[in-house]
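Working notes, beginning with the structure itself.
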Amino acid sequence: MRRVAVLGSTGLVGQRFMAMLWKHPWFEPVPVTLSPEKVGRRYGQAVDWVIDWAMPDGLGELALEAFGLSTLMELGVDFVISALPSSVATEVEPALAKEGFAVVSNASSMRLEPDIPLINPEVNASHIDLLKEQARRGWRGFIVKVPNCTTSILTLTLKPIQDVFGIELVAVTSMQAISGAGYHGLPAVKIAGNVIPYIKGEEDKVREETKKILGTLVEGRVRKAGFSVMASTNRVPVLDGHTLSVFVKTVRPAEPEDIATALREFPNNEIVGMNLPTAPRVPVKVLDAVDRPQPRLDVGAGNGMTVTVGRVRRDPDTGWVKYVALGHNTVRGAAGNAVLVSELLLRKGLI
Amino acid sequence: MRRVAVLGSTGLVGQRFMAMLWKHPWFEPVPVTLSPEKVGRRYGQAVDWVIDWAMPDGLGELALEAFGLSTLMELGVDFVISALPSSVATEVEPALAKEGFAVVSNASSMRLEPDIPLINPEVNASHIDLLKEQARRGWRGFIVKVPNCTTSILTLTLKPIQDVFGIELVAVTSMQAISGAGYHGLPAVKIAGNVIPYIKGEEDKVREETKKILGTLVEGRVRKAGFSVMASTNRVPVLDGHTLSVFVKTVRPAEPEDIATALREFPNNEIVGMNLPTAPRVPVKVLDAVDRPQPRLDVGAGNGMTVTVGRVRRDPDTGWVKYVALGHNTVRGAAGNAVLVSELLLRKGLI
Amino acid sequence: MRRVAVLGSTGLVGQRFMAMLWKHPWFEPVPVTLSPEKVGRRYGQAVDWVIDWAMPDGLGELALEAFGLSTLMELGVDFVISALPSSVATEVEPALAKEGFAVVSNASSMRLEPDIPLINPEVNASHIDLLKEQARRGWRGFIVKVPNCTTSILTLTLKPIQDVFGIELVAVTSMQAISGAGYHGLPAVKIAGNVIPYIKGEEDKVREETKKILGTLVEGRVRKAGFSVMASTNRVPVLDGHTLSVFVKTVRPAEPEDIATALREFPNNEIVGMNLPTAPRVPVKVLDAVDRPQPRLDVGAGNGMTVTVGRVRRDPDTGWVKYVALGHNTVRGAAGNAVLVSELLLRKGLI
Amino acid sequence: MRRVAVLGSTGLVGQRFMAMLWKHPWFEPVPVTLSPEKVGRRYGQAVDWVIDWAMPDGLGELALEAFGLSTLMELGVDFVISALPSSVATEVEPALAKEGFAVVSNASSMRLEPDIPLINPEVNASHIDLLKEQARRGWRGFIVKVPNCTTSILTLTLKPIQDVFGIELVAVTSMQAISGAGYHGLPAVKIAGNVIPYIKGEEDKVREETKKILGTLVEGRVRKAGFSVMASTNRVPVLDGHTLSVFVKTVRPAEPEDIATALREFPNNEIVGMNLPTAPRVPVKVLDAVDRPQPRLDVGAGNGMTVTVGRVRRDPDTGWVKYVALGHNTVRGAAGNAVLVSELLLRKGLI
């Protein structure tokens, strides 16, 4: 059992973290807050629990710990999971790494720095080797990042296509759930019965992170994937689950059935055989029904860790492949991915 | 004043038709129903009015007329507007045309037949000349079609780009409103808090209709536009207003500001100067705000006849243009377009 | 194991029935359809599964059976569960009872007839003795009814209050979920972002059924409860879960804590100790948080069989008790209640 | 023309104020902000306009003024309208009154103080005489309050019933729109597809304010109405429009038609004949349709100033009257009411 401090434990993503780590076979979570007024309160009293999973019995009784290097050391924490806002993470996470903590972070800061592994385990677990490069920073610990929510979902579906057919160009339009904005991120009056065709910084994240994740680790550096990802990201009035409309121009011609087979079989799944507790049995599930996936029906697949894909088809004029992908934005796209990365780190003896 | 029979006058699109034609300066509507049990009832009693425009005073007092050739003749109807379901329209509309009625139709049947004009007035009013070709059918009247809702909105934004920069390829993902499915088309339990990534037949309509509308009329035939339109169409929980995420590969490089200018100026607007009562002052309105257009805020632009565009930008890797377009699906995308076509026909002396 | 035919198995309530009966320890379900075009198809192919529970593995493989007396007999069915619309149930259910079938029905027809038990098990399981009276009808089988959805939820909360404090008058306003209207019952365009303050027949059902359920069985007749129930029923844009705002004038003065205690302890729970598989451990759960229950957070309590209550308070001017109750309308309020009644019947040796 | 400073002009209610006062025949609005970073910016740039009325042309060009006594004097303001949060209003408003400003306020603070008129114009315009009592405070100006949103709607419907039949007891359950929580008041993740059965302080406001408004002004004091109002207040996922389910025990027996007539005729409407520009032609509109009013269809009645009522019926057991009332919470329930009160003050020569 490893003790893990969860920074930002009462937020929307923090709630998923606590639910997934509570009774985890390998980890024991310690909820940490950066809000002084919450320190010392029972987790169940301090949190406004709004996620669809019921709060597990007993979790609410934990006491919220204050953030601080000395506190973390006194708590006997083995590593740190960060659900901090990016602005805070920018300062806090390197400081922790410097002091010797392993940090698995969901924050967007530093994701593109060359020596920071950006990991979606089934896709690029091997990039974890980038950690060796962080020694140059003089850190005794390290930082690993998980991708942006949309990128997490997208890359799981692009990887098998890349491996089997090659990819020349991708255009993706997202229909993202409101939970992706966090607890306070989106006033109800803005999104009720509406679409907001803008999510700050999101399109750049999808473009850049996808190329890094699907790139190749060569001599301590990631050589980015050679194709472009054009993104248009939108908020829709759905609670959980990002739906992606994906257009892919493949290098080699691909029939829809072949694409579906590649997605189902997921060759080169980089964590096969590792028996990580949070790894879904099926990372990508392909549905045959003509009108699926749908967030309300499919977001819970694989306890939120499976990406569902449907409507795999071919544009009759151009031969581009089109499909729809759906994933749970705060599980597969955030907390779940970070827990899976933590499991990977433990398996590799890094925590 | 021309008397116009509105077929399917109590449906969702029919309600828009009646509201737009009531007190119209040129037309006087006669509501017609194909449901025997509604015949003779007051319009206001027989309709379940659900659109956001309040029912105009007096409209509710009209009596619903039965459908039938002899009835239409007795009613002294000058032409017919059809909001019939496609399956019914397939038989009814040609029969009416044969008997001498001009039919302006929103139904999807026959839209792609070579001698049927498919008109989005600002874009291709000149295609109305195709009507001459219908003489060969032995009809004394004729049929004009308006495009599919999504295509109506899309083509208004593609036309200026095509004219100024040329288009090589288009990828569009739609987020379509529930009113597009009609009154009975979508059970509440299916779409509440959900996205349904499938609308039957819609992607083919967008692909084929766009190429016809943006084609060139040459010697009695439409030479289709030479580019492809890859579409992915989705239903989202929004009441009115289809939002389109559009990616365009232009022939000549285009800066976002140039695209915006072309959309604002709309060169080659084919109805400029005709003073058609329903024509919006601005067919395409470009918004500067980073998070617009939004259906709830912008769907009413130009009384529902203006398409709003925002987020005109350029993909940094590929140079493709990206933008978001929004239009009112049952006004610009259906009833409003058909009324505008009717006005065009009257101006041209065809009704 | 008893074989049970589920009539109306593909509807919204039918889906709940099939999910609850599949792998049930005592029952084995046979899905029956009254739609000729569905007969013989696989259940998974014929149903448009829209409920939040994932379809259990294997269920989709069952073949849909045709309805008919001879078919039911050939199928070796032990009893029948009916999720038929009331209009159909009126004829079908008595015919089945006449032929010797035990019928547990969710349809509203006949609920108020004096010899038909209307059962909410924890509240009035003893009313099952009314079945003896049905012999006079010349039936070889019998009919048992479960209450209207709102009434099921309401009576679970009124029973402990009635027993401990007495009730003089009740005023209840419901905020009912869209799933209560069935699969086709409510077009999306009507309820999106809206409240519909009318549900046909519902207020009378709540008023009459509550008095029957909370009445006393005396010499083969139910003596109705002596208080009135004033109801106002509304549809709100919530998927599952009816929320009730309840005002109760008690006979004896009641402090909120005493009411809460009575609800928690549920004295005179009529099925305590029977170990019915579907009976929730806690029929009424009282929440302390000031803003609960909420349908999205609490509808799943006790797998949908527990009613949650919150905001138990006292009007400072009048002493009336006020509280909010929430229950799952298609589980506790329909299918779950009927399964629980079936279990009760088996325990009593009646099926 | 009077110049009026609007405090809190960029909030949700502030947006309604600015839209209603812009081009008002009697008033000219000056937008004021208490946020230092907004001072000097164009209104259209500083506001996040989210209400359903389009921003009137020209309004966006106004410059936002800083708050301060000296600033208000320099601006030549004749009176002040306050859309401030209650916590801020508590200090600011009395200070303004002391300095000689007339303050018409939507804030909840001080509404129940004996010398503060709480005015819903059609109901109790005469209570404006309470202003004389404020002289004792040593103020050169004065404060007038408008009621809580729900109370504004409720009292318009209770007044005619009180006048014609007398009222003994009221029970009301509200289904309140999300715009009632203000721009930042309600995170989207909390209310999506949900009901929240709690609005802080609301039930007490409805109870106390109703009795004050429907009370009688006698010798400089309001003698409160002699009946109780039991309230249960809920938030539902509707954008605009509070729907109230009302149960009334009248003193004299009342048939539904008589209640409807009283509501339609509104005897003792206290502003009849005053020709106030914002007064609706019909303060209470009674609808016959069985399923109305509905917020989406009826919230705009009388430009948001008319309360619509439907389903007027009688409980068969008790004789209590039941009905449903709907009003626009930020127009009739806030900004519109305050503008109407301002017009009343001008007519009475008080500003």
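Chains here go by letter, A, B, C and D, matching the order in which they are written, and residues are numbered from 1 within each.
By definition in this document, a contact is a pair of C-beta atoms (placed from the backbone, for glycine too) under 8 Å apart; a residue touches a chain by one contact, two chains touch by 3 or more.
These numbers were taken from a predicted model, which means no experiment stands behind them.
For the pair chain B and chain D, chains touching both partners: A, C.
Chain A and chain B have Cα centroids lying 41 Å from one another. One simple way to say how far apart two chains are is to compare their mean CA positions; for chain A and chain D this gives 46 Å. For chain B, residues touching at least two other chains, in rising order: 50, 192-193, 237, 239, 296-297. If you sketch which chains touch which, every chain touches every other chain without exception.
Taken together, the chain D residues at the contact with chain B in this complex read 49-50, 52, 54, 192-193, 239, 296-297, 300.
For chain D in complex with chain C, the residues that touch the partner chain are 169, 171, 173, 175, 192-198, 207, 228-230, 232, 234, 236-239, 243, 245, 247, 290-297, 310-311, 315-318, 320, 322, 324.
Residues 12, 48, 50, 178-179, 181, 183-193, 237, 239 of chain D are the ones that touch chain A when the two sit in their complex.
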